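Common to both upcoming complexes is chain A, partnered first by chain B, then by chain C.
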Partner chain A sequence: MARIENAKSIGEWLDQRIAIETLKKVMQTEYWIPKNINFLWAMGMVLAATFGILLVSGIFLLMYYNPSVDLAFDSVNYTIMTEVGYGWLWRHVHGVGASLVFLIIYIHMFTGIYYGSYKKGRELIWLSGMLLFVLFSAEAFSGYMLPWGQMSYWAGMVITNLFSGGSLEAYGLVEWIRGDYVPGQAFLTRFFMLHVLLMPLAIIGGIVFHFGTLRIPHVNNQDSEDFDYAEAAALYKAGKVKESKVIPFSPVFLSKDVFVMGVYFILFFFLVFYKFDFAMDPVNFDPANGLSTPAHIYPEWYFLWSYEILRPFSKDMGLIAFAIAQVIFFTLPFLDRSPNVAPANKRGFLFHMWFWLLLIDVLVLTFMGKLPPTDATFAMIGMVAAYSFFALWILLPIITLIEKKIKE
Partner chain B sequence: MSNSRRDFMGMALGGFTALGGIGALYAMKKSWDPLPSVKAAGFTTVDLAGAEENKLVVEKWRGKPIFVLKKPKDAKPNDRDVIIGDDRFHVSIGLCTHLGCIPAYDGAIQKFMCACHGGEFDTAGINLPGLPPPTPLEIPPFKIDGTKLVLGEAGPEYQKMLAAGIVA
Partner chain C sequence: MNKELKIFAVVAAFTLALYYGVEPYAHSQMHHHVEGQGLVYDGTADIEEASKEKEEAKKAFWGEVKTIAALKGDVAKGEAAFATCAGCHNDAAGDMGGVIPPALDHAGSLYDRNYLIALIKDPAMAMNTDHKFADTSMHPMGAIKSMMTDNQQIADVVAYLKAKKNGDVSPRDAYVESCGRCHANRYDKWTQVGFIPKTKSNIKTGQDIDNLKFQQEVAVQQGKIADYMGKLPPDLSMISRARSHHFLETFIENPQSQLHGTAMPRVGLSENGMHKVMEYLEFTGDPSKPAREAAGPWVIGFFILFTILAYLWKQSLWRDLH
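And now, the complex of A and B:
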């Protein structure tokens, strides 16, 4: 048994029983973070904080939300919005938070791509991060069903229809997912369950796993420099803070994080109080009606790029293209064949161009996805962007194979 | 030989756990199936005895609008028609095959017109050429029961259409 003695403080009492001092060292004071980083390295904690805010606002919404096809719409738009004290605040925080969480996820992803933070020992960080992206997507979609407005209903119809697999006509699978022939009570209650229990549980597990994958290879830095952490840590502990290349996660790095979070939350609450409309589709303020389709169905902005990839192709090809687009980012650590771990601008012209073209292409797809399918020019731009997306991923192994090895 | 005993225990435990796991998965799958009440509501019976000529009746079946039209005598007969007694009926799922909007019926020109992107269908539900809809209006599974039409059940007339490739 561990040595249990009369403890002089609560900390000591806990330390004897659950080794709290060791835990603090491993996770905070001796979890070394490189100094050579910029504000983009704060996005992880910004995401964690946003998730926390979504959780808290969600708990308050959950107390008045009613997952019944007859009551759901009114419980959101009448009860929560007009009767519940500050109910509108929770709803707008939840809606804006759901939108911003994806903005930060995309910034976080493209930061990782730019600095090569998915390579050489950091593959699992990338994969667990992509897993979180998928989980967040499922969480966002299931949450979008809950107000049971026209967009909820028809998005539910269209997205579950994707599982019929086009010409495979697997309508049995679609009906199984819905628990009905069309979205109805069984559909709403099961997506409610997914949104408030199963998906959040999976996300929390995913976050723990994502943090875990980061602990051993450590966070990357602005020059993707591979230095000796033990040596740098020894310098820091010896008091040579200036000479050392690292700082402890807590409290030093965290204080930087908190500063970035402060700036972020100014934007966040500006949107919550003044521009919440962007996260609230006007069509969804009509109650769900299975006998009337809205003229133009489109997803929230963060799904537009993959939606646009679906559109220019025939039904089957579109589904295949869409399915590939959903998982292609998972393959990044394996399609990048270059041994170089360096920021994109130091990896030569080709990869540098590849990075910016991918970013621009995803942006173009996003803008084109919002426009109705009727305009020929925009449809053409969307089609070119969709083809380019696949061309870029096919080119990736080729350009990284011929990439010159950077000398150490 | 304690190792082989341990292996045996491990395999026995693993085997029964896997069995229980498969059972649990099966139960979970069945829990997500449409309920019997939902399935029972998947049949809609329409009595066509009192139907008026050239007047569209819209029924609801599995959450979708169903068009039932007693075809006017001067309308061209088609293999897609549902024949009950001496009358020919147009029966279809009332969703435009372009993007799923609900077309309206204009009795004067005997056409279904879709407001969304200008698709048109004749009284047989066939899409008129040069317009967005790619295929005719879909025919739901039906069974003729006297003057009644049971939607959701595939009767011999529907099977015949299936064999002729009129319905998919």
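And now, the complex of A and C:
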């Protein structure tokens, strides 16, 4: 047993029992972060903060939301918006946060791709991050069902239908997922459970795992430079902070994070108060009606690129393409065959082009995903973008194999 | 720092492009754009969209409306003739073939003059729902065609409405009188037969018989409206969030322009009437607007201050690092 003596302070008392001093060192003052970083390195903490906001606003909404097909719509649009003090604020914060969390996830992802932060020991950071992306997607989708508007209902119908597997006609599976032939009470209640319990639990686990994977390979830096952390840390501790390549997580790195978060929150609350409409589709303000299909059914913006990959193909091919698109980003550390760990602009013309083309292609897919499929020009652009998406991923191992090794 | 600003500019540019693509641009492509007619009810759109066989009848009808509009109405004579209207349009009115005739207490300020003339001349034509009554059925107000045949009398009645029934109207009354025959607004407790009354339940049984009776009355009336219209017209509590302002205005001005073949009649709102109805729809659809606008600057001001302090803190810690 540890040596327990009379403590002279609360800190000491805690230290004897849970080694709080060591914990503080490991988690904060001697958790070393590279100095050579830009504001994109704050996106992780911005995401954590946004998740915190979603959790808190969600708890407030949960106190008044009613997961019944007859009452859900009115409990959101009337009770919370009118009768609950500041209910409208919590709802708009939750809605805007749900949208912005994906914007930051995408920025975070493409930052990782650009700086090669998925390579050489950092594969698990990438994989756990992609796992979080999938979990957040499930969380977003299940949450979208809850207001029980027209888009909730029909998006629920369309997405669960995908599980019939095209020509496999696995309608039994679809009914099992829905708990009914069509989305109804059983459907709403289980998605409610997923949204407020199972998915948040999994996300919290995922975040812990993601943080854990960072510890040993360390955070990447702006030049993707590999240096000796122990040496750099020793320099810092010796007071040679100018020469050292690292800074402690707290308070130095955190102070920059907090500043970036401040800028982000100005944008966040500007959207909450003056521009929240973008996060709340007008169609979802019509109550769910199984007898009236909306003219266009489309997902929220963050799913549009993969939705567009589903559309231009025949039924079965579309499903296969869609399924591949969902998991293709997981394979990035393995399809990139180059030994170079460097920012995209230092890796030669081909990979540099590949990065920007991928980004633009995903953007084009996103645009086309929301436009009416009846327009021939848009359908054509969407199809080209979908083919290009797969072409880029097929090309990735080839262009990274012929990539020249950068000399140290 | 310079480099960070450049990176920020790239991220911001892509984010704005993304926003433009999925919001303003996508929505502009999703709905076909309908130009408003400035709340002028002269039949121009009706004649344009009419089928070949109907075109002549429409031209003749709106031509006659123009003739009546040129007549000078006599308010006193109009008041006397209005007795014909008051037989149905009164506070105790009951259902007439699917519609409870609205009180006309604010008709003069809610509705356009030209439209009122057209309505008395031929209700189905004025409402642009004549396609519904082509064969056997008759418009619930159709009898007026044989009750008020004299053009001068029509001009007199409209002059009377415009002169004496033009008091200031609240947004709620504007909705009740011009939309509330068919459209409930449950967030404001409005039903097709009136506002939900305050009733008490029997403390021993927990049952509220008066409320049950009222609900039955609503259900019966809704059945009649649904039979007449083809379906129950939607509750409009949230419609201002579900449709754009422009859509609602052009749809109310001429429902056929946005939803061809719809049973919804044109109600002929004047500029003032439209303004009041839209104000009401925005109130029930977005009741938190005043609170939002009051709190917004404070919250954003707080975060600007927060960001300035965070920047100073960051600078103090990073100053000696480079």
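Here is the rule we use: the second predicted complex is superposed on the first by the 408 of 408 C-alpha atoms of A that agree within 3 Å, B and C clash if a C-alpha of one lies under 4 Å from a C-alpha of the other, contacts with A are read in each partner's own complex, and residues count from 1 in each chain.
Throughout what follows, a residue touches a chain if its C-beta (ideal position, glycine included) is under 8 Å from a C-beta of that chain, and two chains touch if they have at least 3 such contacts.
Bear in mind the structure is a predicted one, so any value in this text is a computation, not a measurement.
Novice: Which term applies to chain B and chain C once both are placed on chain A by superposition, clash or fit?
Specialist: Partners fit side by side after overlay.
Novice: Looking at the overlay, does A:Tyr274 come into contact with chain B only (first), chain C only (second), both, or neither?
Specialist: second
Novice: What is the contact status of A:Phe334 with respect to chain B (first) and chain C (second): first, second, both, or neither?
Specialist: A:Phe334 contacts neither chain B nor chain C.
Novice: After the superposition on chain A, what is the angle at the C-alpha centre of chain A formed with the C-alpha centres of chain B and chain C, rounded to the nearest 10 degrees?
Specialist: 60
Novice: Can A:Tyr181 be said to touch chain B (first), chain C (second), both, or neither?
Specialist: The first partner, chain B, only.
Novice: Considering only the touch criterion stated at the top, classify A:Phe349 as touching first (chain B), second (chain C), both, or neither.
Specialist: It touches nothing on chain B or chain C.
Novice: Touch test for A:Tyr171: chain B only (first), chain C only (second), both, or neither?
Specialist: neither
Novice: Applying the document's definition of touch, where does A:Leu359 land relative to chain B and chain C: first, second, both, or neither?
Specialist: Second partner only, chain C.
Novice: Identify which of chain B and chain C touches the larger number of residues of chain A.
Specialist: Partner touching more chain A residues in the overlay: C.
Novice: Give me, in Å and rounded to a whole number, the least C-alpha distance separating chain B from chain C in the superposition.
Specialist: Minimum C-alpha separation, chain B to chain C, in the superposed model is 10 Å.
Novice: Report, in rising order, the residues of chain A that make contact with chain B in one complex and with chain C in the other.
Specialist: 295
Novice: Sort out for me which residues of chain B touch chain A in the complex.
Specialist: 29, 32-35, 38, 42, 60, 62-65, 95, 99-102, 116-117, 168
Novice: For a test of understanding, state which residues of chain A touch chain B in their complex under the given definition.
Specialist: Those in contact with chain B are residues 169, 175-184, 186, 190, 290-293, 295, 374.
Novice: Taking the touch rule as given, give the residues of chain C at its contact with chain A in the complex, in rising order.
Specialist: 3-4, 7-8, 11, 14-15, 17-19, 21-23, 25-26, 29-30, 186-187, 234, 237-239, 241-244, 285, 287-288, 291-293, 295-296, 299-300, 303-304, 306-307, 310-311, 313-314, 317-318, 320-322
Novice: Which positions of chain A touch chain C when the two form their complex?
Specialist: Within the complex, chain A contacts chain C at residues 35, 38-40, 74, 77-78, 81-82, 86, 88-89, 92, 103, 107, 241-242, 247, 251-252, 255-256, 258-259, 261-263, 265-266, 269-270, 272-274, 278, 280, 282-283, 285-286, 295-296, 301, 304, 359, 363, 366-367, 370-372, 375, 378.
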